[in-house]
Amino acid sequence: MIRVGREWAVGCVALVAMLAFSGRLNAYQEESNVLTPTASTTVPVDKGDNAWMLVSSALVLMMTAPGLALFYSGLVRKKNVLGVMMQCLFLMGLMTTIWGLYGYSLSFGGSPKDAEGKPSGDSAWIGNGEYFFMHNVEPKLVQKDGKPELEYPMEGTIPRLTHMLFQGMFFIITPGLICGAFAERMKFSTMVVFSIVWGTVVYCPLCHWVWDNGILAYGSPHAVVAGLNTGALDFAGGTVVHISSGASALICCLVMGKRLGYGHDPMPPHNMTYTLIGATMLWVGWFGFNAGSALNAGGLASTAFTATHFAAAAGTLSWPLMEWITHGKPTVLGACSGAVAGLVCITPASGFVQPMPALLMGAIAGVVCYFSVNKMKPKFGYDDSLDAFGVHGVGGTLGAILTGVFATRQAADAAVSSGAELGLLEGGKLLVPQVFAAGLTWVYAVAVTFVLLKILDATMGLRVSQEDEVQGLDFSQHGEEGYIFI
Amino acid sequence: MKKVEAIIRHFKLEDVKLALSSQGVQGMTISEVRGFGRQKGHTEMYRGAEYTVDFVPKVKLEIIVRNEDVQKTISTIMRAAQTGQIGDGKIFVLSLDEAVRIRTGETGSDAV
Amino acid sequence: MIRVGREWAVGCVALVAMLAFSGRLNAYQEESNVLTPTASTTVPVDKGDNAWMLVSSALVLMMTAPGLALFYSGLVRKKNVLGVMMQCLFLMGLMTTIWGLYGYSLSFGGSPKDAEGKPSGDSAWIGNGEYFFMHNVEPKLVQKDGKPELEYPMEGTIPRLTHMLFQGMFFIITPGLICGAFAERMKFSTMVVFSIVWGTVVYCPLCHWVWDNGILAYGSPHAVVAGLNTGALDFAGGTVVHISSGASALICCLVMGKRLGYGHDPMPPHNMTYTLIGATMLWVGWFGFNAGSALNAGGLASTAFTATHFAAAAGTLSWPLMEWITHGKPTVLGACSGAVAGLVCITPASGFVQPMPALLMGAIAGVVCYFSVNKMKPKFGYDDSLDAFGVHGVGGTLGAILTGVFATRQAADAAVSSGAELGLLEGGKLLVPQVFAAGLTWVYAVAVTFVLLKILDATMGLRVSQEDEVQGLDFSQHGEEGYIFI
Amino acid sequence: MIRVGREWAVGCVALVAMLAFSGRLNAYQEESNVLTPTASTTVPVDKGDNAWMLVSSALVLMMTAPGLALFYSGLVRKKNVLGVMMQCLFLMGLMTTIWGLYGYSLSFGGSPKDAEGKPSGDSAWIGNGEYFFMHNVEPKLVQKDGKPELEYPMEGTIPRLTHMLFQGMFFIITPGLICGAFAERMKFSTMVVFSIVWGTVVYCPLCHWVWDNGILAYGSPHAVVAGLNTGALDFAGGTVVHISSGASALICCLVMGKRLGYGHDPMPPHNMTYTLIGATMLWVGWFGFNAGSALNAGGLASTAFTATHFAAAAGTLSWPLMEWITHGKPTVLGACSGAVAGLVCITPASGFVQPMPALLMGAIAGVVCYFSVNKMKPKFGYDDSLDAFGVHGVGGTLGAILTGVFATRQAADAAVSSGAELGLLEGGKLLVPQVFAAGLTWVYAVAVTFVLLKILDATMGLRVSQEDEVQGLDFSQHGEEGYIFI
Amino acid sequence: MKKVEAIIRHFKLEDVKLALSSQGVQGMTISEVRGFGRQKGHTEMYRGAEYTVDFVPKVKLEIIVRNEDVQKTISTIMRAAQTGQIGDGKIFVLSLDEAVRIRTGETGSDAV
Amino acid sequence: MKKVEAIIRHFKLEDVKLALSSQGVQGMTISEVRGFGRQKGHTEMYRGAEYTVDFVPKVKLEIIVRNEDVQKTISTIMRAAQTGQIGDGKIFVLSLDEAVRIRTGETGSDAV
């Protein structure tokens, strides 16, 4: 009780403090706004683009819950169904709050405002503080030739607010994916602290490296290593989202150890119908995730949408076909897993490949992840409860590499298309930076996650007590039951 | 008064119920059970992990009958529940000391 | 049986009659259309705006079902799961039909067509009949310089049809929210009649007062009380939807009395997973509810979307944090309730506040509603089954008031921004009309609901028989079972 | 085992082969693209339209799963819940792959490219191969006055890719609907082969006849039968989707025979809550299905959206009202079925009718389908497990006919509005071609399906073994269980 | 030692439990059952297909008591579970040969 | 012939089953029950309303054994199901009048 006490105290004080502050800050902004000259461009909002991006934001939020919440919770035992769902829901609240306060700024602050668009040195590693508390993101009332007018800071053709929302949804689901690795045994309070730190120290910098002219961004002057100064391509988060979460997931299950009775007691999924509903919601939501990453509703969105849909489809076929061959029966879980594997794999490539290669990538992902989950996991014996590493880590890495093979200027945004050849298939050299980016992401995510877990283990403790684990997280962590059917 | 317990297959419940009522059985109580015996269970496969489910779903009938009706009841159940395949189930008979109808307080064979 | 007989007879005759009539009417329109000169403007449809508003309409419908249907049904006992779901589904059919026949006209008929836009006196209290049976809402084939052309009556940059659809979705969910108050004991037939009358007598006028230049509308010449002639701000339905339903909900549970065995028998939620799925669907759908209320896909939609998302997030944290403090465990139901509380509270403010104050409002709502549900309800002992009053009544009122505190011209539509200061924080006087509007809504909703219930009690009867209540509404009202898992 | 072996082998080889080929093809395209002169127009993408169409595509996918998957799976017995869901999910993968490889081309290839838009003779019956493997659908990098530029083949104001995606979603759900007829007894492997052939031989030609200037298309020079050369109107798939699937469904249940114990053992829906959630998701998704069929986000989309919503609403009332009259209780399943019936019936008419007639059509559909399912099915005694024929076949045919009655130039796209009178109500002759089109679709679907089933029965076998059927499809076909709640 | 089995209505469980504990009963085991008897079930209607559900959900109590407590236990249950309506349920009494507490190995009446 | 009923913890089922089969038990029937005894239940909290769940989920085993095997069976179950914590459960033994195998009609000890 006392420990619990300490824990919520921390969280609570933090929340109150930050809210109070933000309250004050806002009041301060009211005056300041009118004074401060604004640097943000004032192109009008393209409503078609904004409509699409708002919808995409909603779709990506839907991926975390109900999507992921159903997909994951169906795979655990009945006694832990709420434990998994709660992690997804609570992260929606937690990560969103962090994102608004400073996360977005650490990820995207800096480069855009720099002198004539040339990114400043300091923004190679991490964003600056210009967007703290949504400053320079929220609209301002300015005087345009005499009369008052609302000015919206823009990101391309959409309000920066929309860009912040869309990117913020990625910030929610990424730690959510990790939860698959330590499901059924992690302490809720520790999970909360882990997510806060992980999001801040792993996700934000990585996001900046790849998508905000950082050290891994394609065409960024900061792109590390002379030979690779083109940087890597990651359309919708193969490295930022899937490799980072998948690699961290592996560390989590290695550091935390197996669930009690793993290998001895049967632990079949308690509700395969939830898993299927969740998987199909992920599929639908992923259209927002990938096609939304075009940041507009033009042709590029259609290309990404197509690649996403085709890869998911091929994965839905190839994984169960592998089962059909090896065990004589295609399973529902196989089809669900294959769909997700295809979606994960196509994510970094979705804006850079044609439909047929997308189909091929999805099929390959289904087969490769089938082996990683059905063969590799048993071989090494780690307990990746819901295969967060097996699907997202492996599939994400595979996707990063295959992007270096199939990416083509025939399907990309203007900037990239007018550049050099991309994938191997069209004689490009992209493969090298792709591998490098994947590797660097792996190293960074693994290192930070390992240290973080060790510290938390020593302070708060990572696992619930044996008793609580046997009883299930639903009651031990939340004092509730998932279903009361009698 | 005897208590006849029968463990049968789900899809035989309807037949057994009809057979018993037509034989004049006034009431019975059933419950979901899972059985383990000669009939082997099956193996499920989730992401490569095999689970042998060796408990097979069955239905358990509990019927209180007058001593003289026991044999008739047993044979009725046997006739209705038999398929000849392994897993048809069992019938057990226990002696009852007393039976009471909560609504009326009647006891003995008036209670059922 | 006879009673039932009488009841459906009424409903049935009504339906048939109205359909037959509408059939005729339509035929009549065919000719008339060409004759009648049309007053509606003919600005072209802005497809970005229309796309967004159609999506928003779909999202708001999704709020009622699956959203609310899951959120509510998970909280009742297994034997009443279908009873709750059926109320949501049937209302989708019922309220939509009413809305199309006359509801939209009573809510929005009048003012727009008036001589030079100046609203006519008669439209201060209720809409007129110009939109009955979708007349002047549906498209017409007109002759434009010789050749035939389709003309769509417009509302701003979108077809009036779209406006009708979007607003119609609000008309569905509002009575749906009330169902939370009398869940597990109300007669289905009576619920149907109640909803028809309540929607017509409470919702339509209220909607007109607030959103169609009525007595409460901001800047309306009809705004009551000299000093308050600015009227109140209600961006997406704090008064119209949440206060009206919440206040009526309170009356419902007071008039109907408690469920059998309330306080004695345990009545835990039978399916917390449904409640969580429903809550997250409400969150997603609420983007359409609030951001859609901008009626376009411009910057204002982004502001409202952001405020909505942030408030929901903060509520998701603050409610369970209160539980963590007071009972040592954050519950799933707490997180779900907090999200909804935050969403309810931000609804009237969503288009008028900056991100940080939105975060603050959500956090406050979570705490306040936590107390209203966990402390106030037990104290007074009414049986608000699913806390329709505790969350929507209390949260809605809180939101109306806080709008008077945090609303700012820095984030609003042009019209409002160019006006006087708004919230307390920027030195405005909005607080007074906000409190007045909330109060008036309370009084009106309470009065009408009370009378209506008394009449229904005397005629049809409000509650099912004790026997039916014990057996559960699923079978007694609908002759079905929710789950058959054996 | 050997048979199973053979089956997957076929499927597997096919998949690999086709993927490999497509890989090569793609490589080949890379070069060829630059050479081949492109005929596709280069109007800019209308982002509002594209945003709406991408959303609609997502909504229609959502209809198949979770929508249809939940609606159908709730109606079967617990032991077959996964069997039904798997059919929906697997079809998402299977039909999408086929569509991308050749299905889209067989359906829509040809006419658009023809000399000055006049469709070529060969395209009266089936599309040509111009879109095989997404050739001429995917973007190309071309040289525009010296500098490289991406060119997107267009369909009206949206990229052809978007059109392909949207139409592809229809290709998924149509065979999915048929699954309702043979639920709980069909062999999975046979279902897979059936869907591949049915989609290719029945759906693609039909789609071409109706929507690509084929023999049934409105205003097509190929429209068969002199007197009827106007062709028929089918806005969103009354014939192509609902009649084709409904008619085939009837043949399926006739050829396959009844489920074991049908009529003797009780077979109540095992999870009515899933059915309701699914039905409401279908309702929401149908907005994409019908309003998306406008192929733009203009006024027509609003008309179709309204008609869809109103018809669903009226059906939700009329079916349960029939039950209320005849049995004294309105059921949840009745309301769900009524909503779907209304949606099916309005599908062909949605873009051509005013709101009130739409309301009327929905109400009629609810009543007619009520009789087809509750009276006609028992009378003839076929086992249409989930009433795929009773609702889609009957409702679809009804809709095609009523379109001939209520369609009006007052609400239609420019082309049609400027033509002759349409429905009976406005004195048009449309009814004749409508009946003809429905009839031809019936004949064609019935004939092909019958032959196909007979062949499959002789080769692979249609039904699972008695033992497997008793044990349930979840385990016998997929080796899994739906729920493990102990 | 006797085994008292009682089949009662769901909504009476709470009352019966309280009555028994206040009478000093230390423990009991309950399970979900479905009963068939004079109390008729109901008919459900799905798309015109009628299903007669003639098994009514009930709760089954199993209580091990000392011989001398049997009567008291029976009457307590009767008082708490009675509504007077058809369907109140039954009480059956069986003789027990042995009882063991797994935790301690205690046997006989010490075990309960 | 005796009927051995054992009420044990869920997570001990696997162990008990293995122990019994290795001891030669050919079959058994299990069902889900909820128990009330010294082991206290827990309290759940929903929106401030407290619910004491004082019935703990348990598994009930029913095993028919020959008289001479009763003791062995009891001790096997005890060994496998014991944790020493309150709530380990009970074992009850009842006498059986008759046992029948539905499939074959065999009776007595041949039936099990």
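Going by the order they are written in, the chains are A, B, C, D, E and F; count residues from 1 in each one.
Everything that follows uses one rule, which is that contacts are C-beta pairs under 8 Å (C-beta built on N, C-alpha and C of every residue); 3 or more make two chains touch, one makes a residue touch a chain.
Worth saying up front: this structure is predicted, and the values here are computed from it rather than measured.
Common neighbours of chain A and chain F (chains touching each): B, C. Under half of the residue numbers at the interface between copies chain B and chain F are found on both sides, making the touching surfaces mostly different.
Centroids built from CA atoms put chain D at 34 Å from chain C.
Inter-chain spacing, taken between the CA centroids of chain E and chain F, is 18 Å. Chain centres here are Cα means. That of chain D falls 53 Å from that of chain F. Residue positions of chain D touching 2 or more other chains: 46-49, 51-52, 55, 266, 268-269, 327, 329, 331, 333, 479-481, 483, 485-486. Of all residues in chain B, those touching 2 or more other chains are 31-32, 44-46, 53, 94-95, listed in ascending order. Every pair of chains that touch is listed here: A-B, A-C, A-D, A-F, B-D, B-E, B-F, C-D, C-E, C-F, D-E, E-F. Note for the complex: chain E touches chain B at residues 2, 6-8, 31-38, 54-55, 58, 60, 70, 74, 77-78, 81-95.
Listed in rising order, the residues of chain F touching chain A in the complex are 11, 14, 42-46, 53. Chain contact summary for the complex, chain A toward chain B: residues 266-269, 323, 327, 329, 331, 333-334, 337, 373-375, 377-378, 387.
Per the touch definition, chain E reaches chain D in the complex via residues 44-49, 51-53.
Residues of chain D that touch chain B in their complex: 261, 264-266, 470, 475, 479-481.
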